[in-house]
Every structure is written in C-alpha cells, then in structure tokens.
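What follows is a single structure, written as structure tokens, with notes after it.
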Amino acid sequence: MIKAGIIGGTGYTGIELIRLLVMHPEVDLSVVTSRRYKGKKVSDLYPHLFPFIELEYEDVDTKEIAERSDVVFVAVPHGTAMDYVPGLMAQGVTVIDLSADYRLKKAEYERVYKREHKDKEEREAVYGLTELHPEVAEADLVANPGCYPTGAILAAAPLVNARLVSQIVFDSKSGISGAGAEPSETSHFPNIAENIIPYKITEHRHVAEMRNELGVKVSFTPHVIPSIRGILTTAHVFLAEAAKPQEELEAIYKRFYAGKRFIRLREGTPSLSSVRGTNFCDIGISVEANSDRVVVVSAIDNLVKGGSGQAIQNMNMMFGLKEEEGLWFPGLVP
Amino acid sequence: MIKAGIIGGTGYTGIELIRLLVMHPEVDLSVVTSRRYKGKKVSDLYPHLFPFIELEYEDVDTKEIAERSDVVFVAVPHGTAMDYVPGLMAQGVTVIDLSADYRLKKAEYERVYKREHKDKEEREAVYGLTELHPEVAEADLVANPGCYPTGAILAAAPLVNARLVSQIVFDSKSGISGAGAEPSETSHFPNIAENIIPYKITEHRHVAEMRNELGVKVSFTPHVIPSIRGILTTAHVFLAEAAKPQEELEAIYKRFYAGKRFIRLREGTPSLSSVRGTNFCDIGISVEANSDRVVVVSAIDNLVKGGSGQAIQNMNMMFGLKEEEGLWFPGLVP
Amino acid sequence: MIKAGIIGGTGYTGIELIRLLVMHPEVDLSVVTSRRYKGKKVSDLYPHLFPFIELEYEDVDTKEIAERSDVVFVAVPHGTAMDYVPGLMAQGVTVIDLSADYRLKKAEYERVYKREHKDKEEREAVYGLTELHPEVAEADLVANPGCYPTGAILAAAPLVNARLVSQIVFDSKSGISGAGAEPSETSHFPNIAENIIPYKITEHRHVAEMRNELGVKVSFTPHVIPSIRGILTTAHVFLAEAAKPQEELEAIYKRFYAGKRFIRLREGTPSLSSVRGTNFCDIGISVEANSDRVVVVSAIDNLVKGGSGQAIQNMNMMFGLKEEEGLWFPGLVP
Amino acid sequence: MIKAGIIGGTGYTGIELIRLLVMHPEVDLSVVTSRRYKGKKVSDLYPHLFPFIELEYEDVDTKEIAERSDVVFVAVPHGTAMDYVPGLMAQGVTVIDLSADYRLKKAEYERVYKREHKDKEEREAVYGLTELHPEVAEADLVANPGCYPTGAILAAAPLVNARLVSQIVFDSKSGISGAGAEPSETSHFPNIAENIIPYKITEHRHVAEMRNELGVKVSFTPHVIPSIRGILTTAHVFLAEAAKPQEELEAIYKRFYAGKRFIRLREGTPSLSSVRGTNFCDIGISVEANSDRVVVVSAIDNLVKGGSGQAIQNMNMMFGLKEEEGLWFPGLVP
C-alpha cells in the first residue's frame, strides 16, 4: 500500500483528496495536516467522511510528514506550497503540488503571481496534465494544473497540435466551489444564486498555463455560476485557414486522445452533470458553417479532473498503477 | 411628503426599505445611517438602487435623525435598537422598530433573548401585525413583527379566533436572505444549495411572539432553503373537536380577512413565487379527511410582508394613508 | 457473480440502479428493459454511464428476463409492477419491487391506491426497510419502501419501539428528482427554483406505509424543494409523558441502531449534502425543553437509501453478501 | 388612457407585459387572447396577477382586437405573428411585435428562419432597440428585438460606432425562462440545476440581428444557466488597432449613451441581480493589458429589457410618453 500524506486537509481540494483516497484500493492515508483544526477528527469537521477516515488533523513538520508518507499531496494555497516542497523533496518523498507554485518557471511565476518565489532551486516539476504529459510517470515532483487550464487545454490541444489554430477565446464557467470553502461575498447565496459573475475578466493568472501549453494566441475570461461543482469551457477556436469538415476535426480528436480513458468525446453537448464527481473530461466539437470558427466545449468537475482527481491520476502514473485506479466510477446523475 | 429616516441602511431590511420607499408617492427619504459606510453613496454600495437614491450613508446622532424625519425606521439588530428608540421617542418622532426589542414585554424579552433590556421604560409599543392590530393607526411606536411570526400567525389566527384549535405545529421554511447580508457558513452557496437546513430546532425565539398572539399550544421549527427570498409556513393545526368541512373553514378565513387587501386566500397551494417581492400573504387551507388535522399553508416574502413592507404598511396606517400605498404591485413571476 | 435484470431502466430509479450496480463487485447486469428505447444503448440515452455499461435497452418478456437473471429489480410505476411480478415469481427468480405494489396488503393497497390489484395471490412480500426487517434475508420477494416512509420510519422507529410516542407529525422536504425524469409543471425550473411546493398536503399515499410500520397516530405532509436529490424529514414527535433527557433518547437510538452501518447518529443537524449519492440515513435528535415534543431530523438520498440503494442493500442481504457491498463510499461534498 | 391589447397572453412574454402594464399609469389593458385558456380568468392561471387584472382570456379575431385597442402587443411565437400583423395594420392600430417575424427583411428572414414569410408586403418595421433607433417614435410597426441581440448589441454598439472593432465573439448566458413557460428537457430542474448548457452553439438565429445592427464580424454562442431570469453577455471585442486606454473607451460609452436612462455604465462588473425585474441594461468595460481585446459585459433581464419591458419602452416612445413611464423602479435585490 502507498502511504499518502496531505498537507492542508480542510479546503475543498483537501477533502476531495480524502473522499477519493479513502476508496483507493492501493492507498492508505497516513497523515492529514491542519494548523487550525489540530487534534480534531477529520470526520467531525466533515461528517460526510464518517466512518471512512479515523485520522485527526495534525500539525507536524515537513520532515515527519515525509517520513510517514510515500507520496505527499500539497493542498495549500499558492505562495504557501513552496514553504513545504523543498523540505519534502529533500527527504526524497514523491510530491504532487496542487497549488500554482511549480506550474511555471520561477521567473514567469514571479511575473504572473507578483510575488517572490521562495524556493532556492528551479525544480524540474512536470506539469501534470496527465493526457498530454506521460512523463509524469517518471517525475518526483508534479505540478498539478489549475482547474481552468485543465478544461481549456484539453479542449484545444488536438487542434493546436494539428497546427490549425490562429487564436482562441476561452470563455469559462465554474461552479462556485472553485472559490474555496471559506464564505465570501461571491459565495454568499443571495449574491450568486440567480446570477452569473465574471471576474478577473482580462487578467486571470491561469491564462499563463494555457499559453505555455498551447503556444498560440489565447484570451481567457472566467465566470462563476450558481452551481456547486464543474467547469464548462466554451473554446471559440479560430482556425488559420477555412474550416475543416466536422468529421475531419472529430477524427483529429479521436486520434489525439486514443487510449486516454478519462477523455470522452461527445456527439451531443457535454454537460456538467455527466462528469459530476468524476475524473472525466467530456468534449464536444461544433464547426460553424462558412466560418473560420470551431467551438469546442469541455466539461470537467473542477474538484476532480480539475484538481484532486487529476492529482490522484498523476499519483497512479508515478507509482506504476493503472491510470484509473480509484477513479473509475460514473457521475452522479441526476 | 413624509420625511423618513432609516437607522441601519446596509442590511437586507434596510435596503429593502429603500427599494420600496424610493417608489412611495408620499415619502422622501431624509437620512440613512451606517457607521461602517459613512460618506459612501448608498447606490455605490448597492448599485441596483442607482439612480433612485442620491443619499450618502451618514453617521449622525439620534437627535439629528429625529429632527430631519417624521418617521424613523430602526433597522438594526435586536439588542441595538433599544439604544436608539428612547432618544427618538423623546424627540417626538414616530418610530417603527424592525428589531425584536419592543415586541415582547421587558421581562419576557429578557427571558427569551437572555439579555438585559436597556430601555428604562416599559413602552407601549403596538405589535405591528397590521391585519390583526388596527390600533397601529394610533401608535407612536410600532414593533414590527418577526418574519416567521408574520407567516405563522396569519396562517392560524382565524382558526384560533374561532376557538377551534387544540395545538399547532409550525414547520417553516425560509429563504436564506433571512440570515442576513453578511456571508456565513450557512449562506455559503456550496453549503445551502442542494440542501435544506433546520436550525434552532426547538428553541427559536420567534416562538414567543407566536404564543403571545395566538394563546394556544404552539411548536415551531424553522429551516433555511436554497432560495433567496420567501417564507413558506406549513401550519399543522390540530382541532379541539372533529374536523369541520373544508367550506366552513374557508368561510371562517374569508370573514376574518374581509377587506384585508394583502391577504389572498388561495384555492390551490400558495407559492413563494406569487408573493416574490410583494407585501402579500397568500394562504391555503387543506382539511385532512377523517382527522383532527387541518393544514394551513402561508407564503410571504420574508423581506417585504415579513419585514420592510409590513413596516411601510404600518407607516401608512400611522400617517392616515391608504394601507397599500407604495406597496401595491404584483410579484415577480417567473 | 449475481446476474441482475432491471425492468424499467430509463427512470431515475432505473438509472440509479445501473449507476450503483455497474460498480458492484458481485453483480453483472444481464438485461435492462425499455419499450420506448428498445435497441438504444443505455449509455447513449444516459451518457454519464459511458463506458460502464455496454447493454442496449431490450423489450423482452418476463420469462426471458427471469431466465437471464438471478435477481430482477422491478423499477416501473406502481400499478405496472404487478404485471411483471407474478410471472417472475413463477419462474423462481428473486424479485425486488421498487414500486408500491407489494408494500401493503392487497385490500389496503386497493383502498389507498384506488385501483384493483391485478395479482391473483396475496404474496408474502417482505417490507424492505432493511434495518427494521432482517427477514429480508430469507425473502423471495421484497417490497422496497417508498422514499418518504424510509426517512420517516427510520427517524421515529426507536422512540415508537420504546413505547414513548403519542403522535407524530412528519413534515418532509424532497428533492425534485422524486417527481421523476419526465418534465412537468412542478419540475419546470422557473416554477421550483426560488420556491418550495407542498403537495398532496393531507393525502399522500405514503402515509399508509408509515402507519403500518409505526402503529401510532401519524400525520404527514410532503414538499418539494429546489434541490435535485435528498429527503429531509422533520419528525415532530409528541411523547406520551413528559420529555426524557436528551442523553436518554440518544441512548435509545444508539441501542436500536447498533451495528446498522448505514444509520449515522449525528450530534449536529443532519444535512442532505452529507448523504448525497449515498445509502446513509443520518439522524439527529433535539429534545424541546419543558415540552412533550422531540424533533427528530433524518436525511437520506431519495434515490439511494430512499430507492435504488436500499434495493441493493436488500439484494445483498438476500444473497448472503455483506449488507454494504457496492454501497460503501462517502457522499459528494461539497 | 391608451387601450392595449395582447395577442398571446399565457407565455412568459405575455404575462410579463401584463405584470408591467397593470402598473402603467397611462395604459388600460383592453383584451388578452388565448385559444387554449379562453374564458379563464388571467389571474386564475397566474395567481400572482390577482387582483391586478380582472380580464378573462378571450379568443377573438384580429379585427375585434384592433377595434378595442390603440396598441396591440403581439406575443406569439415567430411564424405565428405574421398571421396577425397584416390584419392589425390594415385596421390602423399601432403594433409592437415581440416575435422575430418583422426583425429582418423578408428574404433574409426566410433564409435564417427556413420558412416562408406569409405577409404579402415588405413592411417598414422599425427595429425597436430603443436606444439606437429613436425613429421608433414615428413607427406604426415596431419589431421588438430578440433577447440576446438586445444585450449583445447594446454592449458593442459604441465601439462599433467609433469604428474601432475588428471582430466580436458574443458568449451569452441566459436564465432558463428564455426557453419559455412550457416544461421541456432543458428546463427540467434536475437537468439544468448544477449545470450550464450551451445550445445552438454555432447556429443560433439571433446572430442575424446582431450582424444587421453591428455590421462587423460577429460570432455568437448562447448558454442557459440555472437562473430564472437574466442574460449576461460577455462580448470579447477585438479592436482593429492596439487597445485604447480604459478611460478613453469609457468616455466613448458615456457619450454614446448620454441621456439614455436605461443604460447604466458600471465601474464594477454588471450583475443579473441589479437588473432583476427591471428594464435596465448595465454595462461594464475591461481593457486587457497589452492586447487587442476589450471585454464588454452587459446584463439585462431577458423578460424586461430583453422583451416585454423594451416593448413598453417602445410603446411609450410611439405614444409620446416619457420613455421610462411605467418602467422606472429598482431591481429586486437580494
């Protein structure tokens, strides 16, 4: 059994890791940390996890976490993860960082996140978009992608890879759980119910990951919607030349994602319901007649494929397990 | 024109007063207070009110508020209203208190709210459930009822008045705006969406108002539901003797509420939609066959009939206006 | 492996059976019927089930279904199930009927459902509320309980069993999926969003099951709420004598449900979230001070413990498996 | 008083006209038609309108409607409006058509809507986007704009007018009431709650109105969201040259919309809440740094500014009333 530790076990990313890992046949949770809730049983704070986890939250140092774990999931906010990762790496433990801290080169990180990167080294983290980066299997440190980039990049990668793309506008709509477990103005029910709120309209930092991975002209605007989970990305893709027939583009997607078990190409429109609670990314393509536009829609669960599930998918690859181990179940419909 | 001041203009009760009063043909808003937002334009904090109100929030003392107003709405939390009311009364201004501070006798208030009542006097506030207390027309001080008691008492009063009732179980369901404008665990979208949360299950303080007004055995349990506005009250009324026929009970309601313009007796089931944004209380009666139970369902908008609208209805009565002035419009359906 | 057939595989009960059974380690789905969608792949109609089920909907007769199955789940509306059950029983196959057709004695069924019972025999169906009826383990035919009775009876049974109860008012709130997969006025988003709708206020037929199982005076009113899943039942229990202390009642529940893995007694308030997607029934007790009232709140997922999950729990018992086989996972929170 | 008739008074457009017109100080509703509900009181079908309308639905011919009305609102589906308009015009009554039938030239209509236009004449309907077409004041026939074009065109018109635009991607999100009052798969609560559904992804017919009015390269994709009302349009505007400073663009909008009372330029992000139930269009502009992209977000209530409210605004203009008569009230927040 793989001993797995979680640094930061009270946010949505942390409890989603727990929800999935307690059911994983090859994993034992060894330690879950929280300064604030030290000594409290995890299932007292989150009763849906009873009786699946016996652990209490602990406040222990990096060294002890590493000693007690084969793999450590770092589920703290960006800017904080880099406090833990160097120490964990020094102990030789495998690390999957769910924050933004290792997704970009240090210089780019500092430019985009407007803060100093505290890690002394430029670490060779693999960007853990599993379907595009099989080299995660060899990695010691995986930078788990942002939720928006996961949906956006998976939607556009096959067309970009085929060198067909001129520019892309990603218009993304996220469930409010993406804003975290702490109550805020935005997550206040009377503010978000019966509403949809665009934010960081021209300046969301996730665009840096999209540009890195795709290498074409990318625009991005995110919105939160009155749903708990899910990200639907509407990718308005403008082609370099006249549009291709629908079938040709579908064939490109089928080839590109052949054998990728978590990518489901849809004839109809992808829906957040179908991926609810799962690690799937559903994708549908619509070619506009007499136009250079193709619209690719992707649907993911922001907390699973867009976060904790993809982290576990990466762990599976890193430990030589089947990619889908512990992640292979249908979504919650209705 | 009646000059109206509002003490506490940033909570939901306050902004709902403003929404309604800016449209009231006989009222000019004279002053709206807030310590926290002093100097900020009301319509900057709440842009839906632009350009209907020019005022800035002010932080002025009771004396000045009274001087600038014919009527003052006190829209601060219970325990705080009593800091303002004595001073306002001393200035001879008409006062409508939307808090709980003057709804109960002082001794009872202290027992129920577990705090000392700071007002030196036992004031003769009229309980402003307008349909049941026409004497509000003569009052200087009206204690505007709680949102739950408004829906509950209006549902049951005709049967109680007819001396038919043995006991009542009020099971109430409120939109989350009843929990206020401040984000909280309960109002956090991922917590209340796809959920319904009972709270203060056997101990909500509003039951004291219900018992005062009805004088029969009353049980009460409130819940919050994933809706912004509205209170639906399911009153399980147990009769002292065998049930009466449906028509007889309906006749009792018709007589009791004859001429009450904001009470609408429904043949079908009342719905929160039909009262959304309005001062109506819709009521429907269902007699259970071969049983001593009658179920009366009432629907109100918690912020209008259950709060600010009823306060304005009381103001209308106190100033000799038509009861429905400024409050006569249909609900927002769909 | 147990070969399981499903009669009626397109409603919410049917697809929830499929969602759960495709993950069940001891079950192979052998046949899923639908007249309307004969020949269509199940995962084409319900894409969240791709690629977990390869089957197409079939329109085959009772005899063939029985031949291809060790157990048959009958997931058609009440009034229709009785067309299938006699034939299935005649073939010696184990049957779990999710409709109302075998929950009551024939005479009572005909009175309550106002239709003739077409089965020639008075069959000895066991009422499949697993925690209260361990004799399901010996049954050939299980009548799976209604969704409301499941939540209501589990909430009240320990107090009734202790002979403490005078009468009970069950006020239940259900997610709209309880109204089925077919669009209707009630399930139309603009009608149910921002609303809560009581229905069959004094006459819902599920009350017959509650009275049968509890044997005390029971009143029942159901509501639908703007949530997809879940039933929260607020049981206002009136005791025969003065109230007992909270601890004493909790001890009664602990004893009564000792070893019942799907019953979780909660210190706080049960929540629909914690049981979302699961077979758990969470229960919380609140004793009212100086009163004969105890409020017991239960939360279930109407489609799992209130339907398909409980049916599988019954199947597990009937086939000598662990009660929780295929049903042991935490809820989807947030 | 203006006598107003409504052809088609049972859909959302029709009842929203009634909700607004019963409060309009210069209008008397003279006739409301429905074949299906002939003889039924409007307020029996839609109880939120009680007691504001006494009328029953009638099934009378065009001639009689025209005789009893000064203005007729045609609120039937496209393809049907053209059955009524010629007859109404022949009677000399003023007509406001809320369908698509007169928004495009006949030839273009037939191409876009793939059906024959039954009107013998090519009528000179004015496109009733009031802020852009003051000539509605002189019109006999106004073609009220589609809901999506209203939000989209108002967002982009100032930049287009300033000849700054290269191309625009409109990504629109509509409340589900836009799909109408009839229950459907899409409006079924379990399908749209916790979801967002793109539809007619590259082929929605409203794009023709946008192209007509704007005359630049336009792409359009609509979505429905789990809200009752509202359309939020995210206009990704690509400029012909390098971006202008934020202040310069804001100045363009201020000039363009000077004196337009229903356009509110926002410093923050527009929100569906602020326009809920109102005729306002709120607009916010975000210039992307170092980019040719400007994102303009507009928010309207699809049933008011996007439909019935704008129709009344047009009526006001056509009858020489103040533009905002009967439409001047703040939105329902929270």
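The chains carry the letters A, B, C and D, assigned in the order they are written, with residues numbered from 1 in each.
The definition used in the following text is that a contact is a pair of C-beta atoms (placed from the backbone, for glycine too) under 8 Å apart; a residue touches a chain by one contact, two chains touch by 3 or more.
Predicted model, so just to flag it, every value in this text is computed and none were measured.
Between A-B and A-D, more C-beta contact pairs are found at A-D. Each chain gets a centre from the mean of its Cα atoms; the one farthest from the centre of chain A is B.
Chain A and chain C, compared by their mean Cα positions, are separated by 36 Å. Per-chain CA centroids place chain A at a distance of 46 Å from chain B.
Look at where the CA atoms of chain A average out and do the same for chain D: the two points lie 39 Å apart.
Residues of chain A in contact with two or more other chains: 12, 177, 181, 190, 193-194, 226-229, 271, 273, 276, 334. Chain contact summary for the complex, chain B toward chain C: residues 169, 171, 173, 175, 190-191, 193-199, 201-203, 219, 221, 223, 225-230, 232, 234, 236, 269, 271-273, 276, 286-289, 291, 293, 295, 297, 334. Chain contact summary for the complex, chain D toward chain C: residues 12, 176-177, 181, 183-185, 187-190, 192-194, 226-228. Of all residues in chain B, only 12, 15, 19, 22-23, 46-52, 177, 181, 193-194, 228-229, 264, 266, 268, 271, 273-278, 282, 303, 329-334 touch chain D in the complex they form.
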